[in-house]
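Next up: some structures, all given as structure tokens.
Shared between the two complexes below is chain A, which pairs with chain B and chain C, respectively.
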Partner chain A sequence: MPTIYIDNKPYEVKAGKNLLETCLTLGLDLPYFCWHPALGSVGACRQCAITLFKDKEDTQGRIVMSCMEPVKEGACISVSNATAKAFRGQVIEWLMTNHPHDCPVCDEGGCCHLQDMTVMTGHNYRRYQYKKRTYLNQYLGPLLNHEMNRCIQCYRCVRFYKDYAGGEDLNVFAAHHHVYFGREKDGILQSPFSGNLVEVCPTGVFTDKTLKQHYTRKWDLTAAPSVCQHCSLGCNTTAGERYGKIRSITNRYNGAVNGYFLCDRGRFGYEFVNDENRITQPLIRNRVPEAVDEQSLMDHLKLLLTQSRTLIGIGSSRASVESNFALRQLVGSENFYQGVSLDEAALGKLIASILQSGAVHTPSLKEMEQADAVLVLGEDIWNTAPIMALSVRQAVMNSAAANALQQTSIAGWHDAAVRELVQDNKGFLANAGLTASPLDDISTCTLHATPHDIAVMGFAIAHAIHPGLPEVPQLNNELAAKAAQIAKALQQAKRPLIISGPSCYNEAMIKAAFDIAGALNTGERKAMLSYVLPACNSMTLAMMQAPSFEKSIDRINDNTVVIILEQDLYRSIPPAKANAFFNRCKNLIVLDSLHNGTTEKAQVLIPAATMAEADGTLINNEGRAQRYYQVFVPTTGMVKESWKWFWQMRSLQTSSGNGLELHPNDWLTKLEKTLPQFNGISRVSYPPEFRIHGQAIPREPHRYSGRTAMLANLAVSEPKPLQDNDSPLSFTMEGYPNRPPASLIPFFWAPGWNSIQSVNKYQQETGGALSGGDPGIRLLEQKTGTPTAYFTDIPEALPAPRNKWLLLPAYHIFGSDELSAYSAAIRELCPEPYIGLSTQDTAELGITDGKNITLVAEGEEYTYPLKIQEHLCNGIVLLPAGLPGMPALTWGSWATIAPSLKNNAV
Partner chain B sequence: MAFTEDKLKKVQEIIARYPDGKHKSALIPVLHLAQEEHGGWLSSETMDYVASLLKIEPIEVYEVATFYSMYNLKPVGRYLFEVCQTGPCMVNGSDQIIDYIKEKLGIGVGETTTDGLFTLKTVECLGACGYAPMMQLGKHYREHLTKEKVDQIIEECRSKATSLN
Partner chain C sequence: MISHIRTMWLVFLHLFHKKATIQYPEEKIRLRPRYKGRIVLTKDPDGGERCVGCYLCAAACPVDCIALQATEDEHGRRYPEFFRINFSRCIFCGYCEEACPTYAIQLIPDFEMAEFKRQNLVFEKEDLLIDSQGKYPGYNFYKAAGVNIGVKEKGAGDQEERPVDIHDLLP
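This part shows the complex of A and B:
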């Protein structure tokens, strides 16, 4: 490790880094704008100037930009000498000539990097007396607000949006003092990662428009570490509350999972917590709501639960491990099901068993970014796991850069130089899917085919890599050629990555992905295999091997009590089937947070907490258990975590009065004992009694305002602070004032660093793991020496029934997820329901785009407008999955299509 | 807006100068051509047309066209006075020259006379500091400007315009 001298003090530092990263890693305060740990250096803003000396004798030195200078053995630099300080002060003063003095009305105020840097450099007096340049702002859609006057031309927005995330509709116009960052004209930003501009922009040009609806300063938020609920990746978030409403979601850095970025569904999908449709009071059918209080509810439940009837529990892929396990304990393991269709449960079970076998390594998102060849087999990750798509994009870009850098001495962080060198080269990505995906733009090899064809191509790839595996009979030429191309590229890679998932409802595809990864796993080559799952906690239910609730239907009679945990069964199976199920449930207890089709059927409806009012654990698609913490205690209603309701019910059952109160960690300890596959999960969090120097971790920053006044309309005396018995976090600003352990960071803040850039102060090195290690406990590790149990059952091609189409779901980042669609902004971006067919099929049916057509599936008719899918292959009909108001269908079944008679007449 | 056969051929020639798949490199010369053809300025329709010729997104054209001061994004008069206002010219009295033109033509910087003949624009260094103060008119430099010279140039333009009409 080289030694460098900063202000005459020696430091041992990491080679290969630039001096800015190095200084920040050492904990020094050095201002910067254009550099970003994920975007690298371009040396544009001149803010990170330091003095570099020739040697120890040199007293003069020269000004250099620390972000552009590599670490060199023996280098002498000064961060704090007068020349460098004056230079940095000047840069800020220049930037400030045009920056408006609107901090009091700017949404960024209080978490603004520009504010922090201005204070840090000491610029506090404005000498420039003339007019500032002004701009017209643009409408950028429901998610982001645009205020160009605040711009300081650091170019981070376009570097993130275009270079990092591959967006095409945000650009930079003009030059000099009238540079403009925006779209070609007003309109919705098209990239699903646009929300990151809020954090990437060092000032208030791009701000969160949803926060604006109920604005709160960062210092006034009660915040807690949370985990995103809107897909299976488990990105870490920070949820902030004031006055009983979630105000915003910001990124919570986790070096192994989401890094610095979130997708827009995750960032803006939080408003279901604040929705009017929330269930806050328990309801008992045929009783007036006012007559139901906690006591009468318990009395009623006692009656239901104790009359020696069979209990059936239906777990939920969007409820926590604790809630699911508590339900399983309540009803008994043989009576525990999950609220998804038979097919989905089977696919989940298959994926869990593959990963649990330990034969292959399932990577974190961070590891995916290091892959040097990627195959996506049939999963539409752009829409089902957006941040994974962003990671795959980084893998493609990183491997191209690594190739290009082999012949030069340019450092990888030198962003502009690397891009110049790489030009349009890309690493290897093969993207096989039903229809076009934005990932196709960066793919070397693209296939649009039926799930069956994608699966057999997968088996053909596996065979090409490992000839001992069976050959695919009668493979067509296109598939054979692509299989050969992909197999070759994967074999040349050192860290190949295979991605698949259940979204095509095709078992063979999942098996083929495993076979490829298994075949690649030889010697030095370490293959990675990742499966996307349907929901944020699907992995838990798959690991518990909970069967589909459809299997319980024959067991239900008038004496059975069915308990449904936080799941709308109408989203899992077609309405007719769901109705048939509910018709059998005479005693139905439903716990949920929002009213839906299932809660309407309940005999007893119990208000469940959302992630904002609950502590709980989720297991993501890589088998990483992560805890989310309660943000606030609801002041109205009787909202409680489902696991809390369940232990109350359990104590009714045992009739020994009140049972022992259980905390999330107790549930997890019990879970480990009951189901050994969850071994280690209890380490996911610190026990509730964990303290640092006797202090809890405060959820509120020390500048939280109005505490003694905000409830003065109710009572002038300040109420006793709420106690949190389930976690080491406190609900107030009192507590340990320094950096908490990585999994317990309620918000990022460091002295002088109020913006999210303060995450630098929480990391082992900039862009690296959080101090103390990234949060999360991985439950699915590769076990060395595990034989690879290949699947050899290659499916035979079944001829499609005459005049029938294979019914498959089309996923949409905005719309396919249940909870995020409650956010008005996300709702605005949801597509309208449609029926998608290939161009040729449309022509043969003689229907035109946009006209209503009718799909008949299992005897039910569904009429929606036709949307021609240019790249879809023939014989498939796509319907958007999970859109609000759209019924669930039996995916993977055969359907017929007719031009709509009802509608065309109108 | 559309190019004539002739100009389209020219566009193809320009594109052919660059390697395959690098159509975009032809953007600057093609924009110049378009500006010439389109009365000295680039409308968004013109830029969209150029985008379609080069098979790139309109936003990529806007990005470049807005960057360079040589592209006019608003209609300009037949005669465009581009007066240098950088240091050496300023020291030699470009401010007075600009003020004189403003007064004489009754327009501000960036504006066009009502008869559509003249537009006044200020520009940065044109590399003719030895002849300061100076301006660019069409493809020619006019140097050592004085009020009299400005009168003369304006007269010259007016008479040229009349003879053309």
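This part shows the complex of A and C:
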């Protein structure tokens, strides 16, 4: 490790870094704008100037940009040198000449990097007497607000949007001091990662439009560490609350999972918590009044639960581990099901058993970024796991950069130079899917085929890598050629990554992905295998081996009590089947947070807490258990975590109501004992009695305002501060004032660093893991070097039934997820329902684009407009999955199509 | 001993001094305009609400007795949806006035706000808002700010150039 001298003090630092990163890692305050740990250095803003001396005797030195200067053994630099300080002060003064007098009405104020850096350099009075430059703004869609006057031309937005995330519709226009960052014309930003501009932009040019509806400063938010609920990746978020409403979601850095970025579904999909449709009171149907208090509810439940009836519990893939396990304990393991269709449950079980076998390594998102060849087998990750798509993009870009850098001595953080060197080269990505995906633009090999063909190609790849595996009979030439190409590229890689998932409802595809990864896993080649799952906690239910609730139907009679946990069964099976199920349920207890079709059928409806009002644990697709913490206590109604309700029910059953409460950690300890596959999960969080120097960790910043006035309209005497018995966090601003352990960081803040850029004060090294290790406990680790058994059951090519189409879901980042679609902004971006067919199929059917057509699947008719999918293969019909108001379909079944006779008069 | 006598002598001399005590409330004291008494919210010269809901007063308040919620009208003009001061907690330090970037919140020379019920000391926006510019006439924040919220067009401010034409290539 080289030694450098900063202001005459020696420091041991890491080689290969630049001086800015190094100074920040050492905890020094050095202002910067254009540099971002994930984007690298371009040396554009001239803000991070330091003085570099020739040697120890040199007193003059010269000014250099620390972000462009590599660490060299024995280098002498000065951060606090008067010349460098004056230089930085002048730079910021120039930047501020055109900055508008907007801070009071700017949403960035209070978490603004420009404010922080201006204060840090000491520039406080405006000397410039002349006029300010102004710009006209653009409409950028429902998610982001544009206020171009505030721009300081650091170029971070386009570097993130174009270079990092691959967006094409945000760019820089005009010249000299007129440069303009925006779209070619007004319109909705197309990239699903556009929300990150809010955090990437060091000032208030791009701000969160949903936050604007109920604006609160960062210092006024009661915040807690949370985990995103909108897909299976489990990105870490910070949820902020004020006046009983969730106000914003910001990224919570986790070096192993989401890093610095979130997708728009995760960032803007929080408003279901504040929805009018929330269930806040327990209801007992068919009595007057239906809304009851807790005592009457318990009396009623006591009757229901104790008369020696059979209990059937239906677990939920969007409820926490604790809630699902508490339900399982309440009803008994043999009566515990999950609320997904038979097919989906089988696929989940298969994926969990593959990953639990420990034969291959399942990577974190960070590890995926290091992959040097990627194969996506049939999963539309752009829509089902957007941040994974972003990681795959980084893998492709990083491996191209790594190749290019082999010939030169340029450091990898030299962003502009590396891009110049790489040009349009890409690392290897093979993307096999049903239809076109934005990932196709960066993939070397693209395949649009039926799930069967994709799976068969997968087996062919596995065979090409490991000749011991069975050969695919009668493989067509196109697939054979692609398989050979992909197999070759994967074999040349050191860290190949295979991605698949259940969204094609094809078991063979999942097996083929495993075979490929297993076959690649030899010697120094470390293959990675990642499966996407349908929901944020699908992994838990898959690991619990819960069967589909469709299997419970025959067991239900008048004497059974069915308990449904936090889910709408109408989203997993078609309405007719669901109705048949509900008709059998005479005693139905539903716990949920929002009214939906299932809650309407409930005899007893119990208000369950959402992620913002609950403590709980989720297990993401890599088997990483992560705790999310309660953000606030709702003041109205009787909203409680489901696991608390189940514990109360259990006390009723056993009549042991001794008032003892179980905390999330107690549930997890019990879970470990009951189901050994969850071993280690109880280490996911600190016990509720954890204190640092006797102090809890405050959810509120020390500048939190309005304590004695917020509730003064109700009663002028302030209520007692709320207690949190389930976590080491407190609901007040009092507590441990310094950096808490990594899994308990309620918000990022450091003295002088109010913006989210303060995360560098929480990391071991800039851009690395959080101090004390990244949060989360991995439950699925690789145990053996190579698999002992492969799947050899290659599916036979079955001829498609005549005039029938395979019905498959098309996922949409905005719309396919249940909870995020409650946000008005996300709903605006949801597509309209449609029926997607290939160009050739459409021509043969003789129907035109946009006309209504009718699809018949399993005896049910669905009429929607036709949307021709240019890249879709023949024989498949796509319908958007899970759109609000659209019924569930029997995915993977055969459907017939007819031009609709109705509504075609247009 | 000498000290005691001196003290008594000084007290005796006070009989002949001008009286500092006034007969309040019959006689009112004259307070300077900058006296820090009751808090009000003022309006700008054009009659619009000056408060832009920036939360700086609330953050500056050492007893945290100010709570508000910002909202926007159809032009994007930000104003407080509610603005509440709990005067039973207020210490009249004037930090809120110092923090206010728009001269909206001002402390005025009025201290007569005694109440029998503490609850009556909770003032809402309708109790605080006055139809006056207070101590700082002539200032309209939205004329100085860069945003266009219906008060002035982009580039129409005194200190602003016309908006950049991004298609213009002239130097």
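Everything below uses one rule, namely that the second predicted complex is superposed on the first by the 894 of 906 C-alpha atoms of A that agree within 3 Å, B and C clash if a C-alpha of one lies under 4 Å from a C-alpha of the other, contacts with A are read in each partner's own complex, and residues count from 1 in each chain.
Everything that follows uses one rule, which is that a residue touches a chain if its C-beta (ideal position, glycine included) is under 8 Å from a C-beta of that chain, and two chains touch if they have at least 3 such contacts.
Source: prediction; values computed, not measured.
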| item | value |
| --- | --- |
| Touching partner for A:E184 - first (chain B), second (chain C), both, neither | first |
| Chain B versus chain C as contact partner of A:A175, first or second or both or neither | both |
| Chain B versus chain C, judged by how many residues of chain A each one touches | C |
| Touching partner for A:K56 - first (chain B), second (chain C), both, neither | neither |
| Which of chain B and chain C A:R126 touches, first, second, both or neither | neither |
| Footprint overlap on chain A, where chain B in one structure and chain C in the other make contact | 173-175, 180 |
| Contacting residues of chain B [partner chain A, same complex] | 21, 57-60, 62-63, 66-69 |
| Residue numbers on chain C that touch chain A, as the complex places them | 52-56, 58-59, 61, 63-72, 78, 84-86, 88-89, 101-102, 118-119, 121-122, 124, 141, 144-147, 149, 154-155, 157, 159-169, 171 |
| Interfacial residue positions of chain A with respect to chain B in the complex | 168-169, 171-175, 180, 183-184, 424 |
| For the chain A and chain C complex, residues of the former touching the latter | 100-105, 109-110, 131-137, 147, 149-150, 173-176, 178, 180, 212, 214-217, 219-220, 243, 703-710, 712-713, 715-717 |
